[in-house]
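Got a structure here, written out as structure tokens. Questions coming.
Chain nomenclature is as follows: A, B, C, D, E and F, assigned in order of appearance, with residue numbering initiated at 1 for each chain independently.
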Amino acid sequence: MILRIDRLETELPPPSTPDPAGAAAVQELLGGKFGELSTFMNYTFQSFNFRARQQARPFYDLVANIAAEEFAHVELVSAAINTMLTGAADDGLPEAGDLLNPQHFIAGGASALPQDSNGKPWNGDYVTATGDLVEDLTHNFFLETGARNSKLKVYEMVEHPAARALTGFLLVRGGVHQVAYARAVENLTGADLSKLFPAPRIPTDKIPESKVHLEQGEHAKLYRFSPEDYKEIVAVFNGPHPETGEDLTVVDHAPEGAPPVDLPPETDVFAPDYAPEEIAAIAQKLREAAGLPKEPTGVVANNGGNGSVVDKVKDAVS
Amino acid sequence: MILRIDRLETELPPPSTPDPAGAAAVQELLGGKFGELSTFMNYTFQSFNFRARQQARPFYDLVANIAAEEFAHVELVSAAINTMLTGAADDGLPEAGDLLNPQHFIAGGASALPQDSNGKPWNGDYVTATGDLVEDLTHNFFLETGARNSKLKVYEMVEHPAARALTGFLLVRGGVHQVAYARAVENLTGADLSKLFPAPRIPTDKIPESKVHLEQGEHAKLYRFSPEDYKEIVAVFNGPHPETGEDLTVVDHAPEGAPPVDLPPETDVFAPDYAPEEIAAIAQKLREAAGLPKEPTGVVANNGGNGSVVDKVKDAVS
Amino acid sequence: MILRIDRLETELPPPSTPDPAGAAAVQELLGGKFGELSTFMNYTFQSFNFRARQQARPFYDLVANIAAEEFAHVELVSAAINTMLTGAADDGLPEAGDLLNPQHFIAGGASALPQDSNGKPWNGDYVTATGDLVEDLTHNFFLETGARNSKLKVYEMVEHPAARALTGFLLVRGGVHQVAYARAVENLTGADLSKLFPAPRIPTDKIPESKVHLEQGEHAKLYRFSPEDYKEIVAVFNGPHPETGEDLTVVDHAPEGAPPVDLPPETDVFAPDYAPEEIAAIAQKLREAAGLPKEPTGVVANNGGNGSVVDKVKDAVS
Amino acid sequence: MILRIDRLETELPPPSTPDPAGAAAVQELLGGKFGELSTFMNYTFQSFNFRARQQARPFYDLVANIAAEEFAHVELVSAAINTMLTGAADDGLPEAGDLLNPQHFIAGGASALPQDSNGKPWNGDYVTATGDLVEDLTHNFFLETGARNSKLKVYEMVEHPAARALTGFLLVRGGVHQVAYARAVENLTGADLSKLFPAPRIPTDKIPESKVHLEQGEHAKLYRFSPEDYKEIVAVFNGPHPETGEDLTVVDHAPEGAPPVDLPPETDVFAPDYAPEEIAAIAQKLREAAGLPKEPTGVVANNGGNGSVVDKVKDAVS
Amino acid sequence: MILRIDRLETELPPPSTPDPAGAAAVQELLGGKFGELSTFMNYTFQSFNFRARQQARPFYDLVANIAAEEFAHVELVSAAINTMLTGAADDGLPEAGDLLNPQHFIAGGASALPQDSNGKPWNGDYVTATGDLVEDLTHNFFLETGARNSKLKVYEMVEHPAARALTGFLLVRGGVHQVAYARAVENLTGADLSKLFPAPRIPTDKIPESKVHLEQGEHAKLYRFSPEDYKEIVAVFNGPHPETGEDLTVVDHAPEGAPPVDLPPETDVFAPDYAPEEIAAIAQKLREAAGLPKEPTGVVANNGGNGSVVDKVKDAVS
Amino acid sequence: MILRIDRLETELPPPSTPDPAGAAAVQELLGGKFGELSTFMNYTFQSFNFRARQQARPFYDLVANIAAEEFAHVELVSAAINTMLTGAADDGLPEAGDLLNPQHFIAGGASALPQDSNGKPWNGDYVTATGDLVEDLTHNFFLETGARNSKLKVYEMVEHPAARALTGFLLVRGGVHQVAYARAVENLTGADLSKLFPAPRIPTDKIPESKVHLEQGEHAKLYRFSPEDYKEIVAVFNGPHPETGEDLTVVDHAPEGAPPVDLPPETDVFAPDYAPEEIAAIAQKLREAAGLPKEPTGVVANNGGNGSVVDKVKDAVS
């Protein structure tokens, strides 16, 4: 089972100049073979299918726990894409000739899709879960390497602040997973995978948007994403970081994260409606009927920002 | 973000007579168009992409929170399939002619795959997330209807106790989601979808394995799968149950669930290894080096059951 | 535009001993690369996309008109599959181990799917419509050859009377299309494709279920499937039949066909419902309210056959 | 069986400034999950697989008859795309950088493809035909809702007159199907789906290109697309229109429609040939040999328009 | 460019009792994610796309040369499947219920398909060719590991002599590629991947059908598959074998291999024809007209074996 | 088995102005339904699966031998795409909005992918290998026709010198294969397919980049791609060329070809590395340790061209 926390793992900038073509490229990090849906689903299925997990608990805990962080990464890529698409349909929909992925607007509501940068849907063939522990961990190390490659290239290709903040962060956290799987393989076999770092062979600190996270030590910490479980990750995630030599440490809780920006309606794509104020009015009445406070209980980064809309609605229904 | 809890949403029986053909049929509930990966990913993407969520908070909370429960259902179907496959490779692998899905053994380790009952991988085309709230909720109501149809048929087709326990439970919980989305549409439009229950038009209490959960009122409760968030689901999930007239209620925490059965190794498919005792020995040393207790900290349903293996290992490494 | 006629192009036998594995094989003729969905969609798109059709009217008419007959073939294959699946779920659903395609029952209602014999969905990649007339006609000749190959093999593989009646008929009619496209290419280029007949090199009259149709001359007639249009097919479909030397002739209307068997409900798969008599009762009331006669206006092959059910319903609602 | 009528369901404008990028977007309405191939194939398979159709005749007739209209919509979208691509290859093929879907020219002859707006082929997974009548009708209502969403967005994204005429018309006719399925569900269950109109929540009369059809009452008429069959649709399609309150009526024949524009050759993509006048000359001879009139018997919108070409050919062959 | 040599890389047994279900399982080694089409295409594309190959010649040569051997493995798996299917259609086609993959007979001529064990076609998504040398080599090491896993399981699942001979051989040769890529990574990074052997952790010499090849030292030799090129593989493939410590050596030519068995006609699937003697007669005449010797110039393992057929033909045409 | 020769079948120009959008269009010739992967894999599987090949040796030899040439075509298209992408990432990656296929840079290293012009992966469904000789040869004739169509259109769409050199050459060689299969069908059936030439109906000599090859007689020669085998192709490939009447001749060896251009590193996409000089240095040491000459043994078209880099490296490691 999972519990959801309504926060992003890191802060993303609010919408600025829209960049639909860039958003189409960022899709590779969501639904590509080496995207976050792949890391999430690979580790999730490996944890579901893990046999004899009591005997191999530290490894089971590692895979299951990293799977949980990957969900946050899927969420973060989606949020970045949604940010980049915000405003693109403000004066009518963009012209087809300006788009790489028209489905962002025709199928979605100026929003992320489970697809890669060519508009091809993610599929279950991208999951490798053989049940052979050493093999699956070796695979995971490679998968993170491929993911790092994609992130570096999307960083270079797309200049939008949301894309840069996203990739800067993911490079650091993906790097932690690379290290974790390398350590696991090392523990099981003695093979010194630390020699393969960095892979690709460009140090993360060359990326300014990664540096801020490196300075906070995010490259050497593994968070425990569970109230009570997965405590044995400490048995694997330890020793020196392969690039910096710093101690690898386990943080015994999830990161604090940041509230998401509540992205504004895009009425031309009916998200959440052609006339969102009607939905707002209904929501307000339901909220009151249920004895909830007048103000929404959710925490978002920009309560003030679109408060005006909320205010307008409150006037309308009062 | 999510936190994982290392428990299943409900108890599943331990392995008994293996049923690989049945397990292949159960895959439809995992990776089919109307399977649990579809419900999980549909609601997850809808929640990620939800615009103006503060204004529509009760509906955002509803979708985001049900998404969290769907993860538990993906997990549960996987566990059932793994249970049904356990033991099938005990005397060498099964013959190809006795299988519907040979990849259970060739690609997996006698384990679940992100595929449907024809061995076709799940793909992102199964996700509908238009951003239009009424449309997405209507879709979700229909999706749950299709899912209920599949579950009823798998229940009939497969007699294995794990499949029956699984479908019995999912029919009840899926029914709750059907009701929740019907209520949401009703609140937004006034359309009385409660008239469509049950859909398909067979009452759930005809299923003995569902009855036990009905008797505990599981058909009328929506759990909140979050430490702090998604509190506004109460604004939508209320009123009478469309079939029984009982009050719909929100439970302000996740269900207690049950510890998973730690499924035994399947050495013929190298899960977790050809010689799992070697992994166990390494794990034990790592555990001790990290200052963890000698006994694995994880909780499983059958600690005694495969304790003998654990004991053997402890002897070996002491 | 099209008009539908609620009759099959030829008579199929009523349900007998069910044969779900055979039905899975027959799917190749529906959704395989060389199946009827492919012939239907290839010629349909070629006709939609046909440029300068006035100048090339005899060829446009030929392609457009054959497309219309292919719809009837898609319908006929579906009817055969549905016939073969009828009764398979009478004592509960069949066991997964007895099936090649479990989705016949889990996704469908003991019914046909747009898939091939491996359960792979038909897809648009199977359509070739280059717009180059000689090339498209050459392609169509080859497509019919591949289709004939598949039909011959399904004939051999599946003994069920519905499958045999189906393939016996389709071999004859597909042969006509082979001839028609060969004649078209010959007219445009002078290449003597008649030398390629029969392809595969086994004469159709070796198939007893084809013989009945051959004896009625069905192998040398092209029907015109339109009230007013496609009259110029006579300009292409003429001359001697490449195998028999008989005159090729155009019949200036659609074939008479036969009423379909009204297949009985399969309540275990909820087709059309768990309690179909309730639907029947509602239908009866609606019919009467609309001033329609008490008896259904549709013509089916077995009005008497399931009249008992209809009678029961009439009693119930009177 | 079907009969084809060589007319479009409504008039489309002749080619004007080509818009290949717009044409790529319009593909979503042809081969997308919610495109016309999907509506056509969903209802067609549901009608093929309909069990106990005599008992449920009004519903069978409804689904089977709407399927027939959907063929006309597939045809219409194809014609619009072909219109938009006409002329794009007049000075050599367009540069790849100006295209969203290069296969329009490389695989097709400046012509429509069975693909969506990302160039992904349509596939049979988009068909839902469970056999459960209430479920399938609920699905169809939702499918039409999704289709209306796509049409509205393509309307906004693409300004080409053919795209606007297309979407303006389809919004009206798709709306009729939405109503028809809502009525069917209402009749079977009592659920008041009319409250869900319009969905998306933007009235169709905001679209100027729809208005012309609304003014002719096209939003409240269901045509019967058959010489003799499907007469019981009147038992379902009646009562007030959910938005306007006008009476829903059945027209007892197909719409008159309009002759298609005979699109000019595109010799650079060999459609219908590199030297189409040679084909024209051959066609002319075949026509005469078959005793057909010298003028093509087909009716197109622009007989005069490309008459010059025809004239040239006649000169050449005389 | 390539030159073909009409020999298999190793000897396969002639047809014996057919095993169509087993053949369907063996397909995983042909068209599965970890099958030989994947290894062949991965290394082939990596070699095509290799930048700055002069500077990195030993690595380019290694990848390009192993690609060439993989072609031989695709050929060998195909030959094994064809062997296993031979005779299955001797008394009419097998019944669908006895098959896992009906397309072996309906689409093929009792012959191999580019599909996996679930009948899913191989696709280009299985190719990883990032251009980053260390990453691609790491990937290749992992790919060979996954391939070894599949081969071990197919070995266990399928007892047919052709399948056993096939997997016994491929395990040895695939192991060589594993070693080669491990050595390449080691040379570039210093990471000691040799510690990961064997992976999966079962020694190859447990497989009797592998032992014969081990005894000939086939596990420690890399063949050079080129008349003149790829000479720098010696710079990478050297040092001790990670499991046995023996010297790794390069053989400066391709292996001698063995002539293929000329598999007999299967007339029920028209391979090569319904009446193959007619083709034989034509071939004989063409051969003579071209001044070729009367006996076919090709070398096969069973010239005597089906000589009777050849004799019969010679009689017929003389 | 195959032997690789490290030369291209014809010379391609070195990199000039990059053209990523054009390169995306050229992908159709690599991974499209009618691309070179399709011709290669179709003929390869047909040769693997060929039954009774001794009896039909001339035809077996023909298919097997042409398959070998198709590998060279896959290689050539890849080289052209890589040439067109070279330099596109010199000042950072190109912007997403300037690309049709972002995966050229995100998944690849400015390099070719096994995909079509819409970024859809090649798949095994594109292979037709029925085992029926006449049918497969007819198919192959058609496949070459479709391939010629695609090549002509890519020629027109893309002006980059590498694309033009590529398509000019492939049109000539593909034409030879068209002729060869036509001759084979003619020999087996008597059907005069030579009347279908040219198809599409535009003579190859209209293409300047083809003319150079025509003038060398490349349109009438079939090369034998084997040291010893496939000698019976002379029995089929003879007689007059259908367009020119010249004698068809067999060249008893592979063409001489040309050395490939060694494309420069693209460090922004890490091909072959972020710091390729490090790889060069390692390679140099390995080369020396293995007793290889200091200069790379491979032959490329531009040894001088990037010698400067090689020189720099030699300095660095000396």
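In this section, a residue touches a chain if its C-beta (ideal position, glycine included) is under 8 Å from a C-beta of that chain, and two chains touch if they have at least 3 such contacts.
Everything quoted here is computed from the prediction, not taken from an experiment.
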Problem - Smallest count of steps, each to a touching chain, taking chain A to chain C - result: 2
Fill in the blank from the handout: Looking at Cα centroids only, farthest away from chain B lies chain F
Practice task
Answer with same or different: of all residue numbers used at the interface between chain C and chain E, are over half used by both copies?
Solution key: different
Completion exercise
The distance between the C-alpha centres of chain C and chain F, rounded to whole Å, is 41
Completion exercise
When centres are defined as mean Cα positions, the distance from chain B to chain F in whole Å is 49
Completion exercise
Whole-Å distance, C-alpha centre of chain A to that of chain B, is 22
Handout entry: Contacts with two or more other chains, residues of chain A listed in rising order
Key = 33, 100, 107, 115, 118-121, 125, 130, 132, 134-135, 149, 200-201, 269-270, 273
Completion exercise
Pairwise touch list, complete, is A-B, A-D, A-E, A-F, B-C, B-D, B-E, C-D, C-E, C-F, D-F, E-F
Fill in the blank from the handout: Seen from chain A, its contact residues with chain B in the complex are 1-9, 31, 37, 41, 44-45, 48-61, 64-65, 67-68, 71-72, 74-75, 78-79, 82, 107-115, 121-125, 127, 129-135, 187-188, 225-232, 234-236, 238, 254-255, 257, 262-266, 269-273, 276-277, 279-280, 282-283, 286-287, 289-292, 296-298, 300, 303, 306, 309-310, 313
Practice task
Sort out for me which residues of chain D touch chain B in the complex.
Solution key: 33, 125-126, 128, 130, 132, 134-135, 138-139, 142, 145-146, 149, 185, 189-196, 199-201
Practice task
Name, in rising order, each residue of chain F that touches chain D in their complex.
Solution key: 21-22, 24-25, 28, 32-34, 98, 100, 116-120, 149-150, 152-154, 156-158, 200-202
Exercise for the section: Show which residues of chain D lie in contact with chain F when the two form their complex. Expected result: 92-97, 99-103, 105-107, 115, 118-121, 268-270, 273-275, 278
